Amino acid sequence: MNEATREMLMEVSVATLATALFKRGLRHQVIQGVKPLGWKGRNMVGPAFTLRYIPAREDRNSLTVFRNPEHPQRVAIETCPAGHVLVMDSRKQADAASAGDILVTRLMMRGGAGVVTDGGFRDAATIAGLEMPAYHTRPSSPTNLTNNEAIAINEPIGCGDAPVFPGDIIVGDADCVIVIPAGIADEVAAEATEMTVYEDFVVEQVKGGAGIIGLYPCTKDETREAFEAWRKTQNR
Amino acid sequence: MNEATREMLMEVSVATLATALFKRGLRHQVIQGVKPLGWKGRNMVGPAFTLRYIPAREDRNSLTVFRNPEHPQRVAIETCPAGHVLVMDSRKQADAASAGDILVTRLMMRGGAGVVTDGGFRDAATIAGLEMPAYHTRPSSPTNLTNNEAIAINEPIGCGDAPVFPGDIIVGDADCVIVIPAGIADEVAAEATEMTVYEDFVVEQVKGGAGIIGLYPCTKDETREAFEAWRKTQNR
Amino acid sequence: MNEATREMLMEVSVATLATALFKRGLRHQVIQGVKPLGWKGRNMVGPAFTLRYIPAREDRNSLTVFRNPEHPQRVAIETCPAGHVLVMDSRKQADAASAGDILVTRLMMRGGAGVVTDGGFRDAATIAGLEMPAYHTRPSSPTNLTNNEAIAINEPIGCGDAPVFPGDIIVGDADCVIVIPAGIADEVAAEATEMTVYEDFVVEQVKGGAGIIGLYPCTKDETREAFEAWRKTQNR
Amino acid sequence: MNEATREMLMEVSVATLATALFKRGLRHQVIQGVKPLGWKGRNMVGPAFTLRYIPAREDRNSLTVFRNPEHPQRVAIETCPAGHVLVMDSRKQADAASAGDILVTRLMMRGGAGVVTDGGFRDAATIAGLEMPAYHTRPSSPTNLTNNEAIAINEPIGCGDAPVFPGDIIVGDADCVIVIPAGIADEVAAEATEMTVYEDFVVEQVKGGAGIIGLYPCTKDETREAFEAWRKTQNR
Amino acid sequence: MNEATREMLMEVSVATLATALFKRGLRHQVIQGVKPLGWKGRNMVGPAFTLRYIPAREDRNSLTVFRNPEHPQRVAIETCPAGHVLVMDSRKQADAASAGDILVTRLMMRGGAGVVTDGGFRDAATIAGLEMPAYHTRPSSPTNLTNNEAIAINEPIGCGDAPVFPGDIIVGDADCVIVIPAGIADEVAAEATEMTVYEDFVVEQVKGGAGIIGLYPCTKDETREAFEAWRKTQNR
Amino acid sequence: MNEATREMLMEVSVATLATALFKRGLRHQVIQGVKPLGWKGRNMVGPAFTLRYIPAREDRNSLTVFRNPEHPQRVAIETCPAGHVLVMDSRKQADAASAGDILVTRLMMRGGAGVVTDGGFRDAATIAGLEMPAYHTRPSSPTNLTNNEAIAINEPIGCGDAPVFPGDIIVGDADCVIVIPAGIADEVAAEATEMTVYEDFVVEQVKGGAGIIGLYPCTKDETREAFEAWRKTQNR
């Protein structure tokens, strides 16, 4: 992905991005129900690399399957490109784990930008202590074999009721994770950056006692002028 | 599929099949939450042909996409082999339709053995009146574009929390739908047929006043002998 | 139970009984979420005999356990007194069956007044065709061993979020099932019978064009008098 | 409402209407989760008159409140204009009733065009037998006082996750109920009527063996011409 | 509200208040499912000022609606009286935000005593850092326009399945939020304060090794006397 | 319980235990949906002592019932043996509390090893500050009388969809709680301890840059040898 875009996306909120996508008619791009394990104080940004799970059939999911070097879950971890975010469609099923600390650590060592599942991680407390961002719905100790079989890599998937296509840009902050369609990531990043400048101005005004009518959104010339003046002082 | 197997599966219940699979360690093969639209008095039997949906992204799902002759939902209907059951992974999402009466009618005309979705059908009352068996969770009038995008054909999927691989044998009765792994369909059909003979004997005994202890399951020699004698009179 | 009470409860609705209990401060006596399999045109009435399930542990729930003549599910069927209603606490879990047609038929042959589960029955279409009333949430083909272990007989239980004590009077109609505490069943039956007379009068009045203000509930002397006059003509 | 519009809406399906609204960017107008009590073979059509419930506070919801002639539930029934559909926001809460047969009968006698709740009705089997259409999620015997307090009449509400403004046109068929914004009801009715003509043609073609590619939707000139010819023969 | 009442309510727990209301027959006054964003170490106390949302209709909820100075969400923020708690009925729908940090900051600057939604806030991490108490179900980045339309101010509403009338006294602690009917707030505050004295005594006794039988609740004269003696030493 | 087993279980993760049970065909032993109140940095380990709740019937659940020294909830607290974990079947119902800080403190003072409910605790913030481990689904302030009646002590129960028999060994870590059948606790503890040694080796290898194929699980002789060598250096 475009490095300037990545840098911009590190500095904006998912809320602002959600509004930028809403303007474009995209209303369902936030991955519902996930939260960060141990918020690290910086956004997660990267193109999506996907893994899809289906319900586990018992005869295909004994512990011995992990001895197979071609097992899709293991292959996903070992082939996810550096700088990418591994996004797992776990069918919103968190009664068993999507992965654990060993695999997530390996992904981090390989340069992964982050990992998201709409299920849950085992060893969640350990994952929360790693440097790489991770998002899930809740801790879940049972092995994924219990009810999820990793079946396919880098297909279009759903995750938390959001559509995710390989290469879409994934951004996570302290609150949520959003999926930006690859083709509009650059323009959305730029627009969100602009919006953020204005929002920062608004916050400062509101903390100074200003009301929101006419200020947020801006509907008055004088407010626009005050913003432009403030902006110059900020070099933004 | 084996024609003898198909004929046997027309005559057994999903409950009996579920027990036969339970004996083999398979506990999650019933598609949870679906029911027949207008039970037609005979089982649905056929190999699975699958369609997978993901959450709909608005810019990819305007009404015009159906003008594309390659749209996966339409292609699935037009390529599902005769005698097969079309199984749709609609993400257990019934707020919009998986398909409607026109597509289901077309599938029937092409010789489809049935259709199952873990979402809902629009035009459900009409579909209930067709000859071909159909199963869903509830009627749902909005077009599938509203929240589901048909994305892939004949992949392994989940449907109602059951794993479905293309070619698995799907059986539906008045109550439920079950997925029999392709490799064991013949033996399971034979075993379920045998079990059904005994269950029929049990029902007759119970209606005649017999208790279930020792009868169901059979744990007494005299019961076994009575069954064998009865069986001969039935030519089964 | 009192035979006169049974006869009265055969002729009143669960809605009227729910209101009679509401007057006494009892708001949660309706078993939520269950419906009749094949409404037979008459109420189900009888004292509760209970069966409690817990989640199944796999090593305790192979098919061979049914060979044990002391298995609680089988014992419940064979010991539920005639005239009683067997009420099952299936933990509101319908992904596997609470029982099937053979056991329900046996219960009927033994004189059971009915059966209720907050899970689901297998062979539901067959059960719907039996004479004895039965209520559940939805058809479910997998054997109960899949996720429920029958553990105890005739304890206080919950069923569909209602408290059920052995001996409480269970009443089911075309809509719902309610639990009347044993100690007040006689008075509640009598009161509901009285209420039903007035409700029948109201329905006749409303169908004749009367408004509900002052009529339902009765707040006018003239309405009370009209009712008394009507009642005499009805010999009720 | 416009009588011609009403007549057109009696003859189209909710599915077709949902697609007509989808074209206009309205994706959430179907009242989710409701079904007809005793489908009467004809659509329910009329402007919305609304009733809003909030959670019941026990001290405000004893049985005596119904003696108050100003109780909003009773007033709603007695003031809903003839030809209108009473739509109730029961907070998708069906553990207690939204209303019962007496009130629904009264509404019918007053000329109501129908009634919808996203909760449940008591006396549901009786209501199913009335002439007036009614829709709910499931039968529920407890009085509404148990957990719902009728609080306001003819405000904008939500019902089954759809927005309902007083005067919006409500249409129900055998499957679902939809809310057409008042301002576009005439044009939507006309458009849906046109769509229905084409869909009827398509069904006939498909039953005759035609494939759906190019036919549904129409993307070929020859199909368009065949349709126009067929249409003339139908006088539509 | 009464200042002495406010001071008392700052020092008692929601659990104690819930018990005081339970004694009065009020069982559903706790707003279910909400939690504090960044517990600030002191209770939230104030009269309720309400905002009601309905499902969003797309044509009424483009971003431009916020330019309208009469938009109810914005007006609610600008008119909520100082010392009040803004309570939002977001239909328990957290897939889009009820509000974000700018509006919540403005409410705080205007002297708001707190804010509660049964949906979720965007910019939740920022709101957690503000001085004013806030409660929600989970962070949610999409703008409220996505599925909620602010429709009415200061009506009776439901919030988390609790009834909320404008002016009711809202109290939140580290665990939960409760709604005290306005008319009994003073007596409930006094009673809860008394109960808290005894509970503090009990905790001290239990930490000293005492058993709970006879102590909690108090059923022995000697315990009562010990409490009275202890109380004097505490000047409470 | 065996002291050596207890010590081993203090040092392994629930995830590792879940895998050890999975190998034995036990897939549902994790108590779903619970989390620690204030993780104390050490595992909770002890045999289960159980308490079962049913839905509360109002006439049996006024505040005065706690004056009864035989009330099962109070008796459970006062009779749970030292070193045991009190496990409550609260029917996964967290709208009212399973217990509060006074009872949990008393349990701690009596030597309890911990407490688990599939409902919620009141005074949760206080309980989080106690030394004894506690697990629940979410804070809940209403008294348990509101919707749960404590009915029986030390019966087999379900908790969070896991089966719990009195005496089963309960283990909780920062993520989850698991139930080890009493008869296999010693062997499972030993096996999990062995597994943990290898997992620690794997983590060290992965942090050093190793890939997971062949390492996790171990499928290469050289890896096995490296592990054995490493193990000696660790004295494990």
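The chains carry the letters A, B, C, D, E and F, assigned in the order they are written, with residues numbered from 1 in each.
Quick note on the criterion: contacts are C-beta pairs under 8 Å (C-beta built on N, C-alpha and C of every residue); 3 or more make two chains touch, one makes a residue touch a chain.
By chain, with names taken from UniProt: A, B, C, D, E, F = Ribonuclease activity regulator RraA.
What you see is a predicted model; the values in this text were computed from it and never measured.
Among the remaining chains, those touching chain A as well as chain C are B, F.
Note on connectivity: the fewest chain-to-chain touch steps from chain D to chain F number 2. Least step count on the touch graph, chain B to chain F: 2. Greatest Cα centroid separation from chain A: this falls to C.
Counted by residue number, the contact pairs of A-B are over half the same as those of C-F, the matching pair from B-C, C-F or A-E.
Here chain A and chain B face each other with the same set of residues for the most part; over half of the interface numbers are shared between them.
Using the average of C-alpha coordinates as each chain's centre, E ends up farthest from chain B.
A separation of 39 Å divides the Cα centre of chain A from that of chain D. Averaged C-alpha coordinates put the centre of chain B at 31 Å from the centre of chain D. The set of chain D residues that touch two or more partner chains comprises 27, 147, 161. Pairwise, the chains that make contact are A-B, A-E, A-F, B-C, B-D, C-D, C-F, D-E, E-F.
On the side of chain E, the complex with chain A involves touching residues 63, 66-67, 69, 74, 77-78, 95, 97, 100-103, 105-106, 109, 122-125, 138-143, 145-147. Residues 24-29, 54-60, 91, 93, 147, 149, 151-152, 155-158, 161-164, 181 of chain F are the ones that touch chain C when the two sit in their complex. Across the complex, chain E meets chain F through its residues 13-15, 17-19, 22-23, 27, 30, 32-33, 35, 39, 161, 173-176, 178, 199, 202-203, 206-207, 209, 211-214, 216-217, 219.
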